[in-house]
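Here chain A shows up in two complexes: once beside chain B, once beside chain C.
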Partner chain A sequence: MYASRWYDRATMWWTFFQISINERLVYRLDFVIGTLMRFLPTMTQIFLWWAIFDSISTPGSADSVAGPDGEIAGFSFGDMIAYYLLVIISRAFSSMPGLTTGIANQVRNGEVKKFLIQPVDMLGCLLVQRIAHKLVYYLIASLPFALVFWMAGSFFVNGWPPADVTFVFVVSLLLSFLLGFYLEACIGLISFWFLEVTSLTFIYMLLTFLLSGHMFPLELLPARPIDLRGFVEFLPFQYLAYFPAAVFLGKVQGPGMWNGLATEVIWVLTFMLLSRVLWKRGIKRYSGFGG
Partner chain B sequence: MLKAHDAKQIPQKSTGLPHEAGIAEQVMRKPSYLNVFLTFAKNSMIRDMSFRMNFILQCISSLSWAAMNYGLFKIIYQFSDSIGRRTGWGESEFFIFLGTIWIINSLIQTFFMANATEFSEMIRTGNLDFALLKPIDTQFLISFPRVNWAQLANAFLGLAVIIFYENELLHDPDKQMNFTIWSVPAFIFFVLCGTVVMYSVMITLAATSIWMGRNQNLHNFWFYITNFYRYPMEIYERGIGWALWGTFTFVIPILVVSNVPARVLAQPMGGHWGIWDWTLASISVVAAAGSLVASRWVFRMALKSYRSASS
Partner chain C sequence: MPESIISQMSIIEIKNLTKSYRVYQKQEGMMASIRGLFRREYREVHAVRDISLNVEPGEFVAFLGPNGAGKTTTLKLLSGVINPDSGACQVMGYVPWERENEYRRRFALVMGQKNQLWWDLPAAESFRLNQHIYAVPVVDFNRTRDELCDMLDVTHLLGQPVRELSLGERMKMELIAALLHSPDVLFLDEPTIGLDVVAQHKIQQFLKAYQEDRKSTIVLTSHYMKDIQALCQRVIIIAQGAIYHDGSLDEIVDRFSGDKIVTLQIGGPDEAFEGLRALPNVIEVEPPRIKFRVGRDDVAKTLSDILSTHAVEDIVVEDPPLEEVIAKVFTDAQDAKSLGEFGTSAAEAR
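After this line comes the complex of A and B, so read on.
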């Protein structure tokens, strides 16, 4: 009896998983084009930083094989480009397009009712859906990713990092997926209180772009007059993009690296718990109209 | 729409046949595009003002996006005094460039972005049928119905930034500026040319949804394309960058869109325009006219392949 219930549970989640995968494969062309286009901004980034490093390096070095020799906040030209490429990987794990607005829409148009009457957990369902979407994404995107990284190999001046660093890198990426999911889920669940969260979502997106290190390495943030660099250390956003990349490039090392990982785990647990609390409280407030 | 409204008012004043003939005449008459556009603009304004909080938040968020970009380059100019060696894009020049980008982007987002997205959606849902039935040019009708007034905030910010840094440049004894009475009209003219090019690119992209079924990437593609025109074209002048430089100057001339107006005011290499500047300026004018014609052609071709989506 008990065993079969677990079996039913598993089949249910498996079905959800399969539906989500198929859902993603419907508009394949759209999807492949989208993946390839993701690297276009990186090309502009390369040329922009190339020009910037050119003006601070020894004349002529920018067009030599070794590249410009200047440094900005401890980043060489190679580091800078490698950073932007690694951040794309981080964001491939942590970004959750449409999650917030999806939840908000379900709350607003009453679709959320189905989770109140069916024995299915909304957050669990969304999580399975996201895992499926991400898996399909990696499956299709791995080829262009491999190609781009192979072509950009020379920017990774220090090569592949040692085993422990690689381990922390991979774990921090997996955690960044969970952090991204629960963080955005929390924002989506706020719609139980405020029906319109579009503006909130946009502000969150802006903050993430800046504070996660997606826009530029956090080392560039000024320490004076306000210590912005120190400030972002206390926020969860840096784990969505900056942290895995910085670990890979050796910008965060030794105890700092392990502390960072531990802090990331704490943030994941915090938002996991918070999303549960928001859900429990939210459905108590919720009133559905119509059929 | 105005016409229909006017027609309803008439019966109070006169009765009988003459008035009915009047209606027929009015229906037959060509629509006034300006009046229709003004009605669209007014309705959008009314709509924006009924969600005032949302309007303010939208303004704030697009302004903060611009502020973040400004911050990034403020940081970069702490480390370096120019973008590229001997390109002339110092801090003041570059921020004039940035201001120009904000103005063009904001014009596009105010007048066309939401409409292009809506057009894609109309194709998918089959609602385009209703647009096709109306006695007015379809491209006009789908290009202008929604004016997103909140996005205009960035244009004002761009203007303020340009005025501030232009003033800096004009008072800098080291710079030889050639700022005349023609600089401002020339700037406005080239900004408008640029906007026309970007509009054409966007409507062409949106029209491709007719063939692709769904074009979710419209927003993304827009973001990626604008990525290339956000910086001075000099940064691409090395290695494989030349390929990008050539493509985006001559084939899809989006580099021209931003660089020509910015060069009119910022004059990175000093006041006097060389042959190259005049070449770029003429490309900009030709591109504006050419892309408009091309987009119109693509639009019509796409409409021919349109088969509604209703059941």
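After this line comes the complex of A and C, so read on.
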């Protein structure tokens, strides 16, 4: 009896997964274009750092920012380029375009009722759907990604990292997917209380840009007068972009690396739990307020 | 709960169900908007007041009422989307707003305007997903789907993305999606809204045939008297959140309309016809025919008077059109409300 029920649920999610993939493939052209556009902002950042490193290596210029070997905050030019390319990968896992606004819209226009009426879980649906979308994305994006990384191979000065580092890198990427999902799901679920969450989404986006390492490596954050560098260690954002890249490049090593991974797990569990609580409270409020 | 117990009691039991909610009152103008930032004014809407009713298995019941009367709120309560302020309700022995999966597998709610199909995919995909959501065995699923598609004549559209279907076709697909798990209880909120006459008729026919075949219990809300006339033995008129009438359609006409409409066709000279124009409550004169309204009790006397003085070729005596009666009922309900018959309403704006 229970076995068959598990089997039913499993086939349901599997069907949902297939259908999500089919749905995504309807818009494949839109997807290909979106994938290629992802590289554009990174290109401008690379040119910027090119100019910066160029100027600090020029004799006679003020070299106070640069370290002894033309490094900035421990990053050589090659490291910097490699970092930005790796951050694209992190973000390919952790960014969730449309998740918050999607949830908010469903709450506002009443589509969320479906999940009260049918015996199916909304967060589960969104997660499976997101996995499907990401897989389709990787499928399409793998070719341009491979091309860019092959061209930029010389910037990865240390080559491919050892097995344990590779392992942590891969696991931290998978966790960053879950973290991004549950974090944004939580923000979306706030729409049960405030119908409009656009401004919250905007704040979240800004914070992620600055504090996740999306814009620049977190090593560049100041330690004085306010210890921003130390502060981000207590926030979940760095796991969305910085952490996997830093692990790959050997910027976080040994016990620090494993501690980071454990902290990431805790953050994932925290937001997983929080999203459940918000959902429970949210629908309670929703059904109290006339649907 | 064992089937035997359920079959002995009403399939739907509602007792003193009450639900009100607050809506934000926004005044016109910018100053009012700014004031609204600091102090919000709310108005209490009594969507459902103290409703009690029972529905027996196999009944086809209509909720009828003007916009905002509480029909949809009642359906939402029954399907567990919202919970009440007070009162009790059981459907098949379950309390809807506890939202147990066992309950949710046994009913369906179709909201005319809301779309539960996947927009970009063929309906067949949505159906397949529903099969698994409700864990319908594949044999049953195939049989039910083919039967329903056949009845609604949409088999050839199964492979087309839903967004390319017409409104009527989409509504048919919505219905099929809702019925694939053979729900024991079906709630339909405005199933024919916005559809053309042909599609409306088709869906009426389908619902009628489906209900006769499966003996399922169906509760429907609608504005269209045609829907209700074609389908429901029992009509519950809801106005201002309360039940105003519960009975058959014929009873409504008997209870709320004291008039009959008489149409006469007069033979003979025109002068004789002219005399009839003086009758009270003439609706339409189109020689040699005249149509007029007569109090129910006066029909016999009026007719015999006319028959004795005129050469009448044809007589039709009928009830006034249902729309007209219902409109009157709604207005009466409104008046009754303003007289305070519904209790707390005077203190509504707070």
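What we mean here is this: the second predicted complex is superposed on the first by the 274 of 291 C-alpha atoms of A that agree within 3 Å, B and C clash if a C-alpha of one lies under 4 Å from a C-alpha of the other, contacts with A are read in each partner's own complex, and residues count from 1 in each chain.
Following the convention adopted for this analysis, a residue touches a chain if its C-beta (ideal position, glycine included) is under 8 Å from a C-beta of that chain, and two chains touch if they have at least 3 such contacts.
From a predicted model like this one, the values you see are computed outputs, not experimental measurements.
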Checklist entry - Touch check for A:I19: first (chain B), second (chain C), both, or neither? => result second
Next on the checklist: Taking the superposition on A as described, I'd like to know which of chain B and chain C A:M272 touches: first, second, both or neither.
Outcome noted: neither
Next on the checklist: With both complexes overlaid on chain A, does A:P41 touch chain B (first), chain C (second), both or neither?
Outcome noted: first
Checklist entry - First (chain B), second (chain C), both or neither: which does A:I140 touch? => result neither
Next on the checklist: Looking at A:Q118, would you say it contacts chain B, chain C, both, or neither? Reply first, second, both or neither.
Outcome noted: second
Checklist entry - Which of the two partners, first being chain B and second being chain C, lies in contact with A:V171: first, second, both, or neither? => result neither
Checklist entry - Does chain B (first) or chain C (second) touch A:L206, or do both, or does neither? => result first
Item to check | First (chain B), second (chain C), both or neither touched by A:T11 | outcome: second
Next on the checklist: As a test of reading the superposition: which chain, chain B or chain C, is in touch with more residues of chain A?
Outcome noted: B
Next on the checklist: Identify the residues of chain A that lie in both the chain B contact region and the chain C contact region.
Outcome noted: 27
Next on the checklist: List the residues on chain A that touch chain C in their complex, please.
Outcome noted: 5, 8, 11-12, 15-16, 19, 22-23, 26-27, 110-111, 113-114, 116-120, 286-291
Item to check | chain A contact footprint on chain C (complex, rising order) | outcome: 19, 21-22, 45, 47, 73, 76, 79-83, 97, 99, 101, 104-105, 108-109, 111, 114, 116, 118, 120-121, 125-126, 128-129, 131-135, 161
Next on the checklist: Going by the contact rule set out above, which residues of chain B touch chain A in the complex?
Outcome noted: 54, 57-58, 60-61, 64-65, 68, 72, 75-76, 78-85, 87, 212-217, 220-221, 223-224, 227-228, 230-231, 234-236, 238-239, 241, 244
Checklist entry - Taking the complex as given, what residues does chain A use to touch chain B? => result 27, 29-30, 33-34, 37, 40-41, 43-44, 47-48, 50-52, 54-56, 59, 62-63, 72-73, 196, 198-199, 202-203, 206, 209-210, 215-216, 220-222
